[in-house]
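Sharing a structure here in structure tokens format.
Note that the chains take the letters A, B, C and D in the order they are written out, and that residue 1 is the start of every chain.
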Amino acid sequence: MNLDLKQQVVKANRALVSSGLVSLTWGNVSAIDRESGLIAIKPSGIDYADLNTEQLVILNLDGQVVEGDLRPSSDTKTHLELYRNFTSIGAVVHTHSPCATAFSQAGIPLPCLGTTHADHFYGEVPVARALTETEVKNDYEHATGVSIVERFRELNLVPMEVPAVLLQHHAPFTWGQTPLKALENSIALEMCAKMALMTWQLNPQSGPIPEHILEMHYSRKHGANAYYGQQD
Amino acid sequence: MNLDLKQQVVKANRALVSSGLVSLTWGNVSAIDRESGLIAIKPSGIDYADLNTEQLVILNLDGQVVEGDLRPSSDTKTHLELYRNFTSIGAVVHTHSPCATAFSQAGIPLPCLGTTHADHFYGEVPVARALTETEVKNDYEHATGVSIVERFRELNLVPMEVPAVLLQHHAPFTWGQTPLKALENSIALEMCAKMALMTWQLNPQSGPIPEHILEMHYSRKHGANAYYGQQD
Amino acid sequence: MNLDLKQQVVKANRALVSSGLVSLTWGNVSAIDRESGLIAIKPSGIDYADLNTEQLVILNLDGQVVEGDLRPSSDTKTHLELYRNFTSIGAVVHTHSPCATAFSQAGIPLPCLGTTHADHFYGEVPVARALTETEVKNDYEHATGVSIVERFRELNLVPMEVPAVLLQHHAPFTWGQTPLKALENSIALEMCAKMALMTWQLNPQSGPIPEHILEMHYSRKHGANAYYGQQD
Amino acid sequence: MNLDLKQQVVKANRALVSSGLVSLTWGNVSAIDRESGLIAIKPSGIDYADLNTEQLVILNLDGQVVEGDLRPSSDTKTHLELYRNFTSIGAVVHTHSPCATAFSQAGIPLPCLGTTHADHFYGEVPVARALTETEVKNDYEHATGVSIVERFRELNLVPMEVPAVLLQHHAPFTWGQTPLKALENSIALEMCAKMALMTWQLNPQSGPIPEHILEMHYSRKHGANAYYGQQD
């Protein structure tokens, strides 16, 4: 794996703290190099401030460590299951950001209540179901990934169009093409969750925005007709 | 356009982040030089930290770019419609600040619940209606501006007296004589929205303050008899 | 007035911003030198970052400016009325801190819901009544001070025991022996208001703590038997 | 007591402010050296920024000061009672962090609503009962400690498995093996309380997570089979 991608992973892990998404060591970022099939992930329990590229753990898609002396994030198997099934994604971010975590704990999907949401997520961010006792005991983090993939299949969601999920009883995962994009989706998810809490305090009946506004805002930023940002 | 105004636009764009109003690139500031009829606006999707005066896009009131290599903010046509119709304003700010955005998403105007509001806005901040599917598809950002102007005309509001609007399903716009004043109105709007959420948690029946207090506080700061601040 | 007291006033005015109590220029601190009967107060509308001791406006208790070229805070007459009637106080702070302002806007006194409150305020922080149209038109800021003094007399409150008030439709004032102590009371008031909002979300029936706990906590920090902090 | 432990106590006291848990001087950290039976605690009312190891007060388990010229924290007797009865703990932290304090004021225990909680606390964080008038008058801070120990005995809780308590009418205490670990538990408690408030806004029926998820998350981080973090 080239150094540049590792540096992006380190940078995005550190930004978890500076962006206010993560307290203590409650979060992790990984990225995949699709050519080699190798994944770089944060080591478990290491302070973000101390993190450097040498400490990253490099694994293949089967979860075998090919580089690094430290134990990988305890959530590694969830990341791997996402990379194996969502083949268009390049990076995964896990946080316990408070507002998105509240939606996870309440078991309530995050509907598209406004254009801030539509700019990042093409519709409702779903909740993946709670795991059974057997799933938890046998292979918890793997089963977590399986439940996410299952939910996206049930709802016919395109992972790159709705790059986020809320885990029942737990917290969110987001993803994107690069570590920075996956991080931006975590920031957007947290802000949309925060805004939704206040929107429902003001008007408990507030529901999704009309489809044509969702369509317009999402396509301003994504796809062939995007006109937000500068042309590449 | 003189350099000073461009510098004010850059400074106000950067202050969107330092004031906590904006996450990611969710906001933009523009200003108009009424003599030349030229507008300076933030380029689309550019990080605030990197922004400099050369990157600003300079357009005339018809939207033709007269200076700058970058694509202007995707919200440019909304800014232009405001400058064309609200001829007393000199700058426009758009943010997705969370509390004001919650009011937009809930579709609820922000009443004047206290003197903090009265110091900045002469009465309720209105909600501009949702756009029709046709308006969204034909010319979304232009129609957004039209809906704001329409709402102010319906309510007989003087733009410089109520320098803010909430867009249904979207987020706020504010304006003022200078980029700094328009920014201050965005800060005031966000704080008033935050206070209103808490006021209604304490007392859901809280309504507008008496007219004579609104009058007193607004006129302490604005107009011929203002005695707040230092004399110019 | 000696330079030291002026420096304390400048420092406390600046701390309004660093403590997060004040946005824009929504707050002011003054102090009185009881020997000379002179008051130092922030000039109106000046940025806190730029404030220095030469800019302070020095007035006597009748409101005559004896030093300084700038216009004093628009709230000066309220400060003066407090100094004239609450003869034990040495400094006054006015902010629009959001949670305390929400209580003001809702017109709800802040009861003593826990020991954090009891450590600073000997019981409920009262709301001063709204002013009549005549009072507002004739001499608004003076009438504001009168309404505070009136409320404390009605409730038989000792100003140094309950060094804070909430103004209906407006925002809080606090006071203390020194600018720093008055500022600390503003910080404590805001935190107690914030905690009260969350306490009532959890349990709308939560009421004042038992009298013996109020008594214990207040007297740990204040009066002859205080044992909090270091002996002077 | 060795200098290293004193430095940890100073560092953790300062971190109370940088972590946002404490306003003014509303918090204190202590640690015990179990070999000598000596406790180091913050002096009362001293600013965290000024705190150094020489200022710490060193006491034995009977509360006799053996080192230090300053008066110890007014909460010292509560700390001592915890060290005497919870023999596995090495450090104690007291804060008035706003969300946890709201639970204390409301008198509501904090249930395990998600895995963030389960990662730090093996089940519900209990509320210790209000003290009687006699207890408050006779020996308030000692009785506070007694009420905590009593509550843990009633509920058969293992102090190192649930390293936190909410005091009715007051605020939280947390503990841990080291000052840093006790501080981390204060941070975790505040975040879990914050998330719980939002979870219940979304879904007032939200209750504890299933036992097998609590078990899995707690044991990922604690005990013989822990696999979070790096092996020591």
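Quick note on the criterion: contacts are C-beta pairs under 8 Å (C-beta built on N, C-alpha and C of every residue); 3 or more make two chains touch, one makes a residue touch a chain.
Everything numeric here is computed off the predicted structure, so don't read it as measured data.
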Same-residue or different-residue interface between chain C and chain D, half as cut-off: different
Relative to chain A, chain with the most remote C-alpha centre: C
Inter-chain centre distance, chain A versus chain C - centres from mean C-alpha coordinates, in Å: 46
Chain A-chain B separation of Cα centroids, rounded to whole Å: 32
Numbers and ranges of chain B residues touching at least 2 other chains: 201
Touching residues on chain D, where the partner in the complex is chain C: 23-24, 26, 43-46, 70-71, 74, 96, 98-99, 101-108, 130-131, 133, 136-137, 140, 169-171, 197, 200-201
Chain A partner contacts - residues on chain D that touch it in the complex: 113-116, 119, 184, 187-188, 191, 194-196, 198-199, 201-203, 206, 209-210, 212-213, 216, 220, 227-231
